[in-house]
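What follows is a set of structures to go through.
There are two complexes below, and they share chain A, which is joined by chain B in the first and by chain C in the second.
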Partner chain A sequence: MENLQLLISGLANGCVYGLIALGFVLIYKATEAVNFAQGDFMMLGAFVTIGLTNTEYMGLPFMVALPISIGLMALLGYLLDRFVIRQMFGESQVAVVILTISLGFVIRFVAGLIWGHNPQTLQNPLAGKDLNFGGLVLGMEDVAVIIVTVLLTTVLFAFFNRTKLGLAMQASSQNQLAAYYMGIPVKRVQGFIWALAGAVACIAGILFAAKGAVDPNTGLLGIKAFAAAVIGGFGSLPGALMGGLIVGVIEPFASRYIAAGYSQVAPYALLLAVLVFRPHGLFSQVRVKKV
Partner chain B sequence: MSDPILKIRNIESFYGPIMAIRGVSLDVHKGQVVSILGANGAGKTTLMKTVSGVMDPEKGTIEFEGEQIQGMEPHMIVNRGIVHIPEGREVFPLLTVNENLSLGAYTLKDKAQIERDRELVFSYFPILKERRNQEAGTLSGGQQQMLAIGRGLMGNPRIMLLDEPSLGLSPLLVQEIFGILRRLNEEQNMTMMLVEQNASAALELAHHGYVMEVGRIVMDGPASELMASEDIQNFYLGVQEEGVRENRRWKRKKTWR
Partner chain C sequence: MRIVFKTDYMQDIRPWKDGFQLSLYLILLAIAVAAPYLLDIFYLGELTNVLIWAIAGLGLMVLTGHTGQASLGHAAFLAIGCYSNVILIEQGVPFIIAFPLAGLLTGVIGATIAIPALRLHGIYLAIFTLALSILMDDVIVLSEPITGGVAGKYIAGVDLLGLTIDRWGTPILFYWLTLAITVIVTLGYINLLRTSLGRSFIAVRDSEVSAQAMGVDIAKTKTVSFGLSCMVTGWAGALMGLYSGAFNNETFSVVISIQLLMMIVIGGLGSIHGAFFGAVVIGFLPQFLSIAKENVSAVFGGGSVAIPGLEFGIFGMILILFILFEPMGLYGRWLKIRTFFELFPFYRKDMFKRQKSYLKTERLR
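For the complex of A and B:
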């Protein structure tokens, strides 16, 4: 029973990691650049929602604030690509990496200036309620996180496989040059992907802030999500989610059964093991090109 | 003859500081197949990329149906009906055959038209219909080439730019693919600009041929004339005149130099 409870709370955490990892992979696949500010996007999304809903700020109804904050974060992602990242076209990968790292710092400080450095929780309709299944007590938020992640994954899956824009996104990430030849406006599609990554990060942030407190340094969680993405296989969307879940589940079990101090390194020990034994990740999609 | 559908005048393209095309002019007429022959590094692929907008020329003009298109974004050029079928297939490996074909029609809106085109592609390449739910990366090289051509057809092109469709294929497959290209030209009146190293296959298909060397066009003429030309026979078709010591391939000079 205790293990089951650990598993559920681990899964809920893992969903958040998985969603951040998803953002990493989305952008990496489309643009071959890694957005190290993805964790800070998540944090910013959480604070934007807090700013819109919490009574000490604007106090909008939760259901009204939700679409607004997701829309705002998507817009931020799009504008960032349009006016910052695209200017770096043709520069080295390292330049883009450093740019996004510094962007993360900027977001962290701006968030600190606006919302302060104290941890805050998102006021939401589910807060503090429990579900009781014959002795198994689950926080409503944990259950909601898992359900929302499953829904979001399904929607994203359908979007990528059923819609024209989704297909175009897959195409431009698999073979950018060929996408140009097909008449796909690759740059515009990349802008949409940044917007999508912003929206997904915002949802992750909302979920995170609903079940725990956020402060501006929460964005550093992105590092853990990055590890999750690598474990799952960078460049594979299902892999990113699975990696997130694995890291999320390992954590509570490690802190329960392994001595404190060692338990925190468990996800990274796994990362090392994966890099040594399966360098492409657990769920990678690698195809050799035929000539 | 009527005005050419594609008119290239004095195009110059660069890779960084390296001049890859040094003032090329050529014409393609409607319903014609034009072949461009040349060795590696002659600038054939660069010329194609410049027409389809993936590269921008420094100088010169490209006129398509009376409008200048040089330097436009690639998707604007595809919109006008110029479809580039790249060298080395370049299919989307993790998408199915059907999805690859759908992406070929990315610029089109009319759903019924797209389905008609899909049936047309399947009628020319029955193997694609058989494999339509398979990932493109799992197809053989020849099937991938067919998919690349089929995907190009889905864009409802007014002219197809074919870059080395014979690359890496067995002689039998080359024959099959060129047979299909000929049918496309005859039955659909498809205009084509074809870049090839396989000179005999290309000249058999083409109405008109150009020969490129180090970024310039050094010779052009009707395909039958080119095929009969001694230079082409020696340097591109590999015909050897036997028994004449002084005329050995490595000693001879090309007449256009």
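For the complex of A and C:
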């Protein structure tokens, strides 16, 4: 029973990691860039929602604030791409990595200036309600997190593999020049994907803030989500969710059964092991480069 | 404009272009040696800090600037160098042996780690090293009997050839020691770039496939590059330990790794000058900010309000501006200014324009 409880809370945590990882993978899949600021996007999304809903700020009804904050974050993602990332068009991946890391620093600084450095929670209608299945207690937030994550992953997966726009995104990441020749508006596609990643980050942030407190340094959680994305295999949407779940489930079990001090090492040790033995993740998409 | 008249093939691979350039650097060296008599003790300490960062930057530059392998985990190697140096000294090994040994040890560990990391490139290597840097924190805590864990370790001063070198007691000697190591490392670096090994580093950076076709052993080159890079970083770490006097598991955090990488990007990737320029920015930014903040609050009132994260916010903004507008870093900007004056009326705006490139995936063929 105790194990089951651990498993459920691990899954709920893992879903949040998975959602952030989903943002990484979206951008990577469509633009071949890695957005190290995704964790900070999530933090910002959480704070924007808190700013709109919580009574000490604007105090809007939850259901009204939700679409507004998701829209705002999508807009931010689009503007970032339009004015910052697009300048880097065709540059090396590492340059983009450094750019997004520094973006993360700036976002953390700005969030700290606006909302302060104290941890805050999101006031939401689900807070404090529990579901009880014969001794197994589930927080309503945990259930919501799991449902939303599964839904979102399915929709995005279908979007990438079934729709014309999704295919255009994959094409423009695989070979920008060829995609241009095929008549794909590569830059506009990139702008759209950054907006989408912003929206996904905002949803992750809302779920995270509903489950626990956020402060400007929460964005560092992105590193853990990063491990999740790599374990699942960068570039695979179900892989990202899978990786997130693995990391999320390992954590509570490690802290329950492994000596203190060793437990927080577990996700990173797993990451190193995956990188050494299956360098491109469990759902690998990489083939050997040939000339 | 100076035109170097070449009369000998040796002139092409000489470390300096002509006597004029050599004498400029010798003057710079003379000023650096005389610095203790020109600056007060506070700024001398800051200068020492800058030199130590420059050594670490040179270490990372070999790997990232010249071999093209981005590492987000060099703080781990700073830590290994620092701890092994202090532990060796505590075991009674004299500093003059312990210090080189600490670097060598770090280099060997780095090269060993590089072997599994070789299969990774680009973004995956960055993640691998990032995880390494995060793990290092925990490893230090877990191996408490050796490293002192959270309580950390202390080192007062070291004895070198009968002299006591101490950051606080004899700052001038400590500065000269740092300067000597900086000069040795820099000369070694310059020479490395003239050897076939150094050229193969650059070949691997520019195109792995072409390097392989030219007969460069990629695996070996990357391992050696990793080893050399970690060795120099280890020395910088040992000096950092001596400089701060006390350190624990949090001294060498992931943030230091990221800062190190950003430093060489601001300075200019792929140039020895870049490591020094970047170190100056990193070393003096906190001081500059605190002075600026005092002036601002003197004008607008408000006293000395502490803004947490200000330093990193400003740092991030500077970096974004650099990557967008001057990807070659400070050194690139300097090159442009110099070329402008050398060619005076004939400089054109797009002389350093980058070639437009289109990205292709590394996944799928």
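One rule holds in what follows: the second predicted complex is superposed on the first by the 279 of 291 C-alpha atoms of A that agree within 3 Å, B and C clash if a C-alpha of one lies under 4 Å from a C-alpha of the other, contacts with A are read in each partner's own complex, and residues count from 1 in each chain.
The rule we apply is simple: a residue touches a chain if its C-beta (ideal position, glycine included) is under 8 Å from a C-beta of that chain, and two chains touch if they have at least 3 such contacts.
Computed from a predicted structure; not experimentally measured.
Chemist: Per the contact definition in the header, classify A:A266: touching chain B only (first), chain C only (second), both, or neither.
Modeler: After superposition on chain A, A:A266 lies in contact with neither partner.
Chemist: May I ask you to decide whether A:L167 touches chain B, chain C, both, or neither, giving the answer as first, second, both or neither?
Modeler: First partner only.
Chemist: In the superposed arrangement, which partner chain does A:V97 touch: chain B (first), chain C (second), both, or neither?
Modeler: second
Chemist: With the two complexes superposed on chain A, say which partner A:V148 touches: chain B (first), chain C (second), both, or neither.
Modeler: neither
Chemist: A:N175 in the overlay: touching chain B, chain C, both, or neither? Say first, second, both or neither.
Modeler: Both chain B and chain C are touched by A:N175.
Chemist: Is A:V106 in contact with chain B, with chain C, with both, or with neither (first, second, both, neither)?
Modeler: In the superposition, A:V106 touches chain C alone.
Chemist: Look at the residues of chain A and decide whether chain B or chain C touches more of them.
Modeler: Result: the larger residue contact count on chain A belongs to C.
Chemist: Which holds for A:I184: it touches chain B only (first), chain C only (second), both, or neither?
Modeler: First partner only, chain B.
Chemist: Identify the residues of chain A that lie in both the chain B contact region and the chain C contact region.
Modeler: In chain A, residues 174-175, 177, 180, 285, 287, 289-291 are touched by chain B and also by chain C.
Chemist: For chain C, which residues count as touching chain A in their complex?
Modeler: Within the complex, chain C touches chain A at residues 64, 70, 116-117, 119-120, 122-124, 126-128, 130-132, 134-135, 138, 141-142, 209, 213, 254, 258, 261-262, 265, 307-310, 312-313, 315-317, 319-320, 323-324, 327, 356-365.
Chemist: If you look only at chain A, which of its residues touch chain C in the complex?
Modeler: 32, 34, 84, 87-88, 90-91, 93-95, 97-99, 101-106, 108-110, 112-113, 117, 173-177, 180, 216, 223, 226-227, 230, 234-235, 261-262, 264-265, 268-269, 271-272, 275-276, 279-280, 285-287, 289-291
Chemist: What residues of chain B sit close enough to touch chain A in their complex?
Modeler: Spelled out, the residues of chain B in touch with chain A are 52, 54, 73-75, 77-79, 83-86, 88-95, 99, 102-104, 106-107, 137, 139-141, 144, 151, 155, 168.
Chemist: In the complex formed with chain B, which residues of chain A make contact?
Modeler: On the chain A side, the touching residues are 164, 167-168, 170-171, 174-175, 177-185, 285, 287, 289-291.
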